[in-house]
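One chain, chain A, appears in both complexes that follow, with chain B as partner in the first and chain C in the second.
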Partner chain A sequence: MIEIFVNDQSLHVNEGVLLIEALIQNRIDIPYFCYHEALGMDGNCRMCMVGIEGQKRPQIACDTIVKAGMRVHTTGERIEDVRRRILELELVNHPVDCPICDQAGECKLQDFYMDYGLYDSAVSKGEKVHGAKHVDLGANVMLDQERCVLCARCTRFTCNITKTHELGIIGRGDHARISTMPGRKLSNPYAMNVVDLCPVGALTSKDFRFAQRVWFLSSTPSVCHSCAKGCNIFIDHNAPKYQKERIYRFRPRRNDAVNGHFICDAGRLSYKSLNDHRLTCNNPDAMDRAKALIQAAHNIALLVDANLYCEQLDALVAFAQRIGAQLYCPNQCYYDEGFGDEWLRRPWRAANLAHINTLGITQSTPSEAHDLIISFNHPDLSSLTCKHKIAFSTHEGVEADVVLALRSWAEEAGTLINITA
Partner chain B sequence: MFTFTPQNLQKIEALKSRYPSPNALALPLLWMVQEQEGTISLEAMEAAAPFCDLPPIELYRIATFYTMFKLAPTGRHHIQLCKTLSCALCGKAEILAHLQERLGIGVGEMTPDGRFSLEQVECLGSCGTAPVMQINDVNFENLTPKKIDEILKALS
Partner chain C sequence: MRDARIVSRRFELPQSHTLEVARAHGAYTRLSEAFDKTPSELIEIIDQSGLRGKGGGGAGAGEKWKLMLPHDPRPKYLAVNCDESEPGTFKDRQIITKDPHLLIEGIILTCYAIGARAAYIYIRGEYRAHQQILQAAIDEAEAAGLLHVKGAPLLITVHRGAGAYICGEKSALLESMEGKRGHPRLKPKQKECEWYFGNPTLVNNVETIASVPFILYEGAAAYRSFGTEKSPGTLLFALSGHVQRPGVYEAEFGTSMMAYIEHFGGGIRKGKKLKAVIPGGASTAVLTAQEALEACLDYESMQSLYSALGTGGMIVMDEDTDMVLALKNLLEFYRHESCGQCTPCREGTGLADTLLSRVLEGHGNTGDIDKLLELASTMDGQTICVFAPAVAIVIRGFLLKFRSEFEARMHA
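Here is the complex of A and B:
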């Protein structure tokens, strides 16, 4: 640990870290576009200028290693003037179309302009260099070249993280812009992360754009259920006027032990199934009929979904004992070999198989001897034959003697055990 | 399908030893493609990429960054008129207007028969004999409208 001084306040920071990291970790306001914790520094946007005592000119904090005793200033007239000028350059060709931009409300350019900009533009709107406004890059990513600040976060993602090399900055000067090779598309299973990485409205999600203003959304921390990895996410949801509560998007939630800053596209888009075809109410006599079936049965199988939370599974183990049922979680329907990869995606497409293992629940198909199957949202119930079936289900379309509504994982709180290896 | 000529392949081999990293071959490779084909096609960039150990998008970036690389076809006689200070002061505007009138095309265009294309470029390094233009690899100096007529005639 070494001591540095920021705006005359003493900070103890790790040796060898970048000044910008020290500032971010200590929650000191510092504007930046191109630096990103997962992508590292690039030094191209110049927004992160700070004053360092003993240095003649302002320096970029993202390319400065902290030194013991360093005295840094992030405020003051000079620094603010520098920031204003850099912003003015960023905005020379920017269309300033925030009212129709999906990023509005979570845009760094907007934030920094309100914090440090507020100048009268020297450029008239008519003289701006225009770029393509609706480029479908592929993989649900839309590009508006005019809004880009050329921070190269998206290109560094495809170059250094996915190593798929679809994106690049082409041309030069005022005409520099993001592009794929002509005729080529952005296509990799993690492509939509560039939308989160983009600090401005240049890259937006085709799936989310124009669906909601971001300030109407509430974010709930959660965990993706689309595979055994258990990537941490935010569920962004809202109940618009006269409509039911809906989920509008999943976003990655940083967890360095699991998914870092990113999630896969399949997981990101899996929110859709939580909105549609939901089973939300029961027939008035459903409970009585279920009870009668259970009382009449001699040999019950209790089928549990591997996406249920630990608490739910533990309760179901107790329930099975109580009614003398045998527990099953046939697992073949969760296995999708092609889905697994070297990074986040796991071939087991359920969130809590680890707890199913711990509980020692049989993972094969129930024997034919059972005369009643009670399923708790198991996806494969329809392929099983049995005299009677009771289905607790989150979704419509399940065939059973009695169907009862179940809350989805997004509507419950609980614990999951993921597979990180 | 694009392939380098055997001579160019030999040249690439010879150049390799000159640089510490194959990445440095990017510019010479693009030049070779352009000299060989006249323009730089996407296929050519893909074919050249493994030689310099770069993904094709990097070659595409380089090819679009430098204006001297041509991704679209140019005329058989590609006219590059200098637009920088000395030439501008010595009558470039008049030369440009004359060229455009004679060829019937604007800057960045090509005659329908594919014989001429016109472009403005930065200093050609011959300021003492401004105004200057270059047709393919040959410089033409101290230009006047009359001289332009003669040059174009000689090329017809």
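Here is the complex of A and C:
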């Protein structure tokens, strides 16, 4: 740890870190577009200007390593003037049409522009350099070239992180713009992360754009259930007027021990299944009929879904003992070899298989001897034959003697044990 | 004016680009003299000679060569900068077409001194015909068994650019050679060599390398017998614009600018009066006629006039020149050539050009001059490479020295 001074306040920071990291970690306001914790510095936006005592000119904080005793200023007339002028240039060819931009409310450019009060563009609309407004890059990502600040986060993501190289910058000067490489589309299993990385409204998700104003959304921290990795996410949801609560999107939630800053597209889009075809109410006599079936049965199999939380599974173990049932979690339906990859995606497509293992639950199909199967949301119930079936289910369309509604994982709180290997 | 031909010595000979003629006039004949010395002795001679880079920056060559640490185990490279896209600059192509063997000999010697076994010549894309002459010369030298450093084979590869001025900037040049976009790299915090695929690399201009044989054979003192204390030797100065005889003429540093224009260029065209001179390629501050009278062609004199020697390519403008149009011409160039990587330059060059268009269309007002000057200060010192600061210098030079011409175009 070394001591530096920012606006005369003493800070203790790790040796060797970038000044911008030290500022961000200590929650000191610093505008920036191109730097990103996962992508590192690139030094192109020039927004992160700070004053450093002993240096004639303002310096960019993202290309400065902290030094013991360094005295830094992030405020003051001179620094603010430089930032204002660079920001003004950033806006020269930008349409500044926030009211009709989907990024409004979570846009860095909009935030800085409000901070620095630049309400008039230096040039008229006719003098601006125009670009394509609706480019379908592929993978659900739409590009508006005019709103782009050319921070190169998206290109650095496809070059350095996914190494798929679909995106590039073409042209020079104020005609430079983001594009896919000739004859290619954005297509990799993590492509939609560029939407989160883009600090402005240049890259938007076809799936989410214009569905909701972001300031109406509530974010709940959660964990993706689409594979065993357990990527940390935010569930962004809202109940529009006169409608039921809906989930509008999943976003990655940083967890360096699991998923870093990113999630896969399959996981990101898996929210949809939580909105549609949901089973939400029971027949009035359902509980009584279920009870009767259980009492009449001689040999019960209890089928549990590997996506249930630990607390739910523990309770079901106790329940199975009470009613003398045998527990099963047939796992073949969760295995998808093609889904696994070297990065985040795991071939086991359920969130809590590790706990199923710990509990020692049988992972093969139940024997034919059972005369009743009670399923707690197991996806493969329909392929099993049995005299009677009771299904607790989150979704419609399950065939059983009795079907009872179950809350989805997004509506419950609980613990999961992921498989990181 | 004293004859000072170091690099252009063989230029006038018929068929000077062929191995036969070059050899008959001394090329490759003294290589063994240099190979008898150690690499560090050669670097010392270059350092002593005071040779300064001739690509525009004027950095001490010896100092740069010393950054190629001899004990570094990685392969080392020489990249010869022949991107030559600075407006007003057309000297390197003279070397390539008139005496390519001088460059090749310089490359052999430089590679021996810095421990490189491979050299690249990055040539601007438009120089197609020039590239063919250069390649033919390399092939001839190869066939004659000349491409080696003290017996170890030396590979010389010509790499064609794709028409971007910014690829002349040394780090953009290396990015381009690595197959990426020609974007300048962030400057290191300490003095170090350049890097090609992570390996130590020296980047020098064509003319810098072409000066090496003379210095290593004749000695540092012989080189220093030309020029001034701080600007030793000679340069292939060039003249374009409103002179009688535009062209490239080698002269020693310290020559009076007007004497040079008179002697080599035959004075201003059609007996007109001089209005201004851009002294060293477009990116140096324009000089008024009065300043040109005082100017000498060396680093010190140009610095005292708050301009720079640059590449030594002078653009001469006579009394009929419209300075607003001249600036517009330059700004269009910079707008087109900014690599677009950093905000102040990407947007600033475009905005400056747009503002000047307004003035030319008769919609300008005096506020636009201040806006342009403010823009110049935003572009100065806040960018990745010195392209944008150069544009700032250009804008300031024209606006401050010829302000009345701009004001005369203003609406209100």
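We take it that the second predicted complex is superposed on the first by the 418 of 421 C-alpha atoms of A that agree within 3 Å, B and C clash if a C-alpha of one lies under 4 Å from a C-alpha of the other, contacts with A are read in each partner's own complex, and residues count from 1 in each chain.
One rule holds for everything that comes next: contacts are C-beta pairs under 8 Å (C-beta built on N, C-alpha and C of every residue); 3 or more make two chains touch, one makes a residue touch a chain.
This structure is a prediction, so every number in the text was calculated from the model and none was measured.
After overlaying the two complexes on the shared chain, residue contacts for A:Arg172 are found with chain B and with chain C alike.
When the two complexes are overlaid on their common chain A, residue A:Met1 makes contact with neither chain B nor chain C. When the two complexes are overlaid on their common chain A, residue A:Ile100 makes contact with neither chain B nor chain C. In the superposition on chain A, A:Met114 contacts neither chain B nor chain C. Residue contacts after overlaying the shared chain place A:Ala413 against neither chain B nor chain C.
Comparing chain C and chain B on the residues of chain A they touch gives the larger count to C.
Of the two partner chains, chain C is the only one touched by A:Arg46; chain B is not. According to the touch criterion, the shared surface of chain A, contacted by chain B in one complex and chain C in the other, consists of residues 168-169, 171-172. Chain A meets chain C in the complex at residues 43-47, 49, 57-58, 63, 65, 82, 85-86, 89-90, 92-93, 122-123, 127, 129, 149-150, 168-169, 171-176. Of all residues in chain C, those touching chain A in their complex are 164, 166, 181, 186, 189, 335-344, 346-351, 354, 358, 371, 374, 378, 381-384. The touching residues of chain A, when paired with chain B in their complex, are 159, 165-172, 180-183. Of all the residues in chain B, the ones that touch chain A in their complex are 42, 45, 55-58, 60-61, 64-65, 67.
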